[in-house]
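Shared chain: subunit A. Partners: subunit B in the first complex, subunit C in the second.
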Partner chain A sequence: MTQTLLDVRGLRTVFETRAGRVCAVDGVDVTVQRGECLGVVGESGSGKSVTFSSVMGLVKSPGRVDEGTISFDGRDLRALSPAEMRAVRGRDIAMTMQDALTALNPALTVGEQIAEVLEAHDETLPPRGAARRAAIRAKSVEMLGLVGIPSAENRLRQYPHEFSGGMRQRIMIAIALACRPKLLIADEPTTALDVTIQAQVLELISDIRARLGMSVVLITHDLGVVAEHCDRVMVMYAGQVVEEGPTAQVIGDPQHPYTQGLLASIPRPGLRGQPIRPIEGQVPDLIGLAPQCRFYSRCTRRTDACLAPVEMRAAGPNRRARCILIEEDRA
Partner chain B sequence: MSLTETTPQTHAADSLFRRNLAMFAANRLAMASAVVVVLFVVMAIFAPWIAPHDPNETDLFRRLQPPGWAPGGEWAYLLGCDALGRDILSRIIYGARISIFIGLAVIVVATMIGILAGLASGYLRGWVDVVISRIVDILLGFPYLIFAIGLMAMMGPGLWNIILALAYKEWVIPARVVRGETLATRELEYVEAARALGASRWHIMLREILPNILSPVIVVSTIRMAHVIILEASLSFLGLGVQPPTASWGSMVADGRAFILEAWWVSTFPGLAILLLVLAINVASQGLRDAFDPRFAE
Partner chain C sequence: MSLLTVENLSKHYEGRRSLVERLTGVPQTVVRAVNGIDLTVEKGEILGLIGESGCGKSTLGRAILRLHEPTTGKVTFDGTDVTALDAAGLKAMRRRMQIIFQDPYASLNPRRTVAQIVGLPLKLHGLAQTDDEARAIVARICERVGLKANQLDRYPHQFSGGQRQRIGIARALVSNPEFIVCDEPVSALDVSIQAQIIALLLELKREMGLTYLFISHDISVIGYLADRVAVMYLGEIVEMGPVEAILANPRHPYTQSLMSAVPEVDHAGRRARVRLAGDLPSPLNPPAGCKFHTRCPLAVEACRSRAPVTETVGPGHSAACHRLAENLSLLEGTPA
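And then the complex of A and B:
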């Protein structure tokens, strides 16, 4: 068994729109090791969610995965039939949605929603009858207990609207983890929650990751979350990875001007009184991009050399960044 | 909102459905209408025990006998007798069976077909949607009664043929409602979440989407039931419905047509029965709509 769980190479996902072809993800490489937590950071529209929708085979029309290989646990996910892919989703790779408040079905009880995943994927259950129902019930109670929901027995009979936002996020995590997936993709698990609940939910994910030994991809735009919970971080900009490496190194010594700009735009107690320095300008339109550095228009250190395509360069052991300012020989 | 409602344990089973039901019960006119509908249903089910006479027993000495309170009437034959001396009240009671059974059967068949067709075209989209939507458009273009008359003429009269003839077109109504609701619901986050957990298309359509769009479908179906009852009566009136001697309200109205001047009761009472049942269903279903349609929630 190799250490690498997910290995994506050269992923390209395009959307055919009336205005033209939008390349939402352009040549993205992702690797996730077993038991690792990878943080994916970027602003809205940088392609972080689409990258992982592509991995799950959930890109909606008019979008499609155009190029690239997606290898998960030694299997090529792009070569799987829709039925085989369904068996992977939920059992091997689970995903929690951005908005916990709308991601649970309002017409079904929480118990029914957990039971559905188990029904679909869990092969260790007794084949049918009362024994099966009892086993599903026991597992559901166990999952709610795992995510810290008290009196789980009673709460299984309740509907989502009877739970608070933080509780719903926990339930979503419980549903995602019901079949003990090898990889959990948490797409902005905390955006809809207030700060104290955010911390609890992230603690919970870290804790369960350690206990079940699964890998986690944490998609977020909060570098603080990444700094606290992730082993490695990947920064995305306009559909490309611009920097990746171990969290402490990337945050402590960012190489790409975009990462530097992101870090400089975070308010910090040490910088009290100084104005926050936003990154000037806007993300470029993804239709008809020129073959140049995509950060060119907003970069404070741009040169004419940036008008040629820029490839990822090694920026130290286990580190890469997409900028011509990085000396190749540092690797 | 009282304080107790914020503690989840106190209303563990208080689903949206139950709240809507409570709202319906609070609407007195709708509730009264629902009671009338239930009375009709009870009357239909227990017709042999309720009806004072055999509905098909003819007695030429009682030909066109007036209602009980009119001169020449008998209280034992409360609503009078028809041209063959059959008791009109008994025939109305038995006729309720036909009207309600056909109304229910058509709606159940049409709603099931409509739900499947609507879910398929709304969720699967693509050519499935194109084919189903075009069929719906074509069927909507036909005048309903003429379409049904044509089908009855082709298939011949009979109970099952009426149900088929009416359901043949009726399913487009729920299908359109279901398709529209499905189009809106399929984009919601919980449907995406279900896909991310490996749910199959059938599972998503029947388990995730259907429970969330059932309320408007139920409301539309009950409103349409009144319509179907009138259509059945119309077919029977035209002689294309249930065949004699089986009592049907529409054919009873037709029977009395020839004697409308000298024996008004033969046509009037079955006509009133149609009016009362259809009115009650309409008012009750309006109440259902008010209670179940979120657009009327405030």
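And then the complex of A and C:
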């Protein structure tokens, strides 16, 4: 068994729209080690959700995965049939969607939704009859208990709208964890939540990760969340990874001008009294991008050399960044 | 004298009842969104107002401007009792007191151009004699907030979120106000765009001598820019004080748990975590006694029956909690 659980190379996902081809994910590499937590940050529209929907085989028309390899636990996911992919999704990889309110089915009780996942994927259940139903029930109660929902017995009968936002997120996590996946992808699990509830949900994910030895991908736009919960971080900008490395190193000594700008501009008490230096300008339109550094228009350190395509470079052991300022030989 | 004084301000919304509920005598429900708030804002300062979703921050901001009529209480601005003003007086006062809204997508009329949106207050308050003059003022203020002259005749949907928030800021500034309620002006924006808008608001404040009530649920933002902070929980202010005191020495258990819950880039893993049990109670049915007692790790019997009174705990620093005298901290053991 190798240490690498997920290995994505050169992923390209495009959407054909009336305005033109949107290259939402363009040449993205991702690796997730067993048991690790990878943070994925970047602005709205930078391709975080599409990258991992691609891994899950959940990109819908007009989108499609155009290029790249996705290997999970030694298997090539792009070569699997839809039925095989469905099996992987329930059993091996689970993703909680950005919007818990719409991702849960409002017409089914929470119990029915957990049961559905168990029915489809849990091979340890008794084959049929009352024993099977009892086992599903017991497991469902256990899962809700695991995510800290009290009196789970009764709450299985309730519908999603009867729960608060924080509880719905925890129910989503419970459903995702029902089959003990090897990898949990949590897409902005806390964005819609208040800080005190956010802290509860994140600690829950960390606890379960430690207990079940699972790997986690945490998609967020909050670098503070990454700093506290992730071993490694991957920074995305306009469909590409621009920087990647161990969290403490990336936050302590960012290499890419976008990461640097982001860290210098997050308003926080530590910067009180100092002017913040925002990154000027806006994210480029993903249609008809010029073959140059995508941060060019906003970068304070740009030169003419940035007008050619820029590849990821090694920026030290275990670190990479996509900028011509990185000297290749530092690796 | 403070520029703004708010005394015992409350705003209660009546809940909706269906016809059947009314006929069968189901009692009227009341959402006590804002409940007996006292605060002052000094000229030239930024008072940060922080609290979780639904605790009543926007309602308070709007009730101060009488965009929502307060249920009870008094608001005094620069010596004038705003709550006693008639329609004409209120209109004149609105020139001096403005608001920037939480949602840059919903708060701009989609059928008006930028020039029309930003120019409207000029028209309303008769601040420009001619159309040309109005246009010139609009162009100047738009340029100041970072919009280009050739964008003035475009419609809101043609702009990004950050640009829309700039339009909202221009609209608030065009009548040359003294006081602005900034209601989560950056919450809907991308991280790198948030910083642009915050930098702009701070520059404008300095240049124009403005005073802000800055509403946010983001402690990092408040900690960066506010001079004083008011912490709100279920319609009430539970703690208020200078930003340094609130950050370094929060005294209310709710403020302490808020502080410990913020994930911080600078102090990852160095904070003691306070785990709050349970979810935010419904304002329809607020708990008796101290409203925080259902989640408070320090709650004792008194907290369940009696509401605590606000006490002074330091210079300009006050809090409302039964256990203040014991000087407990949920953050104990936190490395400094």
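Just so we're on the same page, the second predicted complex is superposed on the first by the 330 of 331 C-alpha atoms of A that agree within 3 Å, B and C clash if a C-alpha of one lies under 4 Å from a C-alpha of the other, contacts with A are read in each partner's own complex, and residues count from 1 in each chain.
Please note the rule applied: contacts are C-beta pairs under 8 Å (C-beta built on N, C-alpha and C of every residue); 3 or more make two chains touch, one makes a residue touch a chain.
Just so it is clear, the structure is predicted and the values come from calculations on it, not from any experiment.
Once both complexes are superposed on subunit A, the partners subunit B and subunit C fit side by side without clashing. When the two complexes are overlaid on their common chain A, residue A:Asn154 makes contact with subunit B while staying clear of subunit C.
Of the two partner chains placed by superposition, only subunit B is touched by A:Leu108; subunit C is not. When the two complexes are overlaid on their common chain A, residue A:Pro275 makes contact with subunit C while staying clear of subunit B. Of the two partner chains placed by the overlay, neither subunit B nor subunit C lies in contact with A:Glu16.
Judged by the touch definition given at the top, the superposed model places A:Asp76 against neither subunit B nor subunit C. Look at A:Ala94: by the touch rule set out above, it reaches subunit B but stays clear of subunit C. Using C-alpha centres, the superposed arrangement gives subunit A a vertex angle toward subunit B and subunit C of 80 degrees, stated as a multiple of 10. After overlaying the two complexes on the shared chain, residue contacts for A:Glu162 are found with subunit B alone; subunit C is out of touch. Here subunit B and subunit C sit at a least CA-CA distance of 5 Å once the structures share a frame through chain A. Contact residues on subunit C toward subunit A in their complex (touch as defined above): 52-53, 160, 162, 190-196, 198-199, 202, 217, 219-221, 223-225, 243, 247, 257-258, 260-266, 268-269, 273, 275-276, 279-280.
Residues 8-9, 11-16, 188-190, 192-200, 203, 207-208, 211-212, 214 of subunit B are the ones that touch subunit A when the two sit in their complex.
Subunit A contributes residues 43-44, 164, 166-167, 194-200, 202-203, 221-225, 227-229, 247-248, 251, 261-263, 265-272, 275-280, 282-283 to its touches with subunit C in the complex. Contact residues on subunit A toward subunit B in their complex (touch as defined above): 56, 58, 86-91, 94-99, 102-108, 116-117, 120-121, 154-155, 157-159, 161-163, 172, 175-176.
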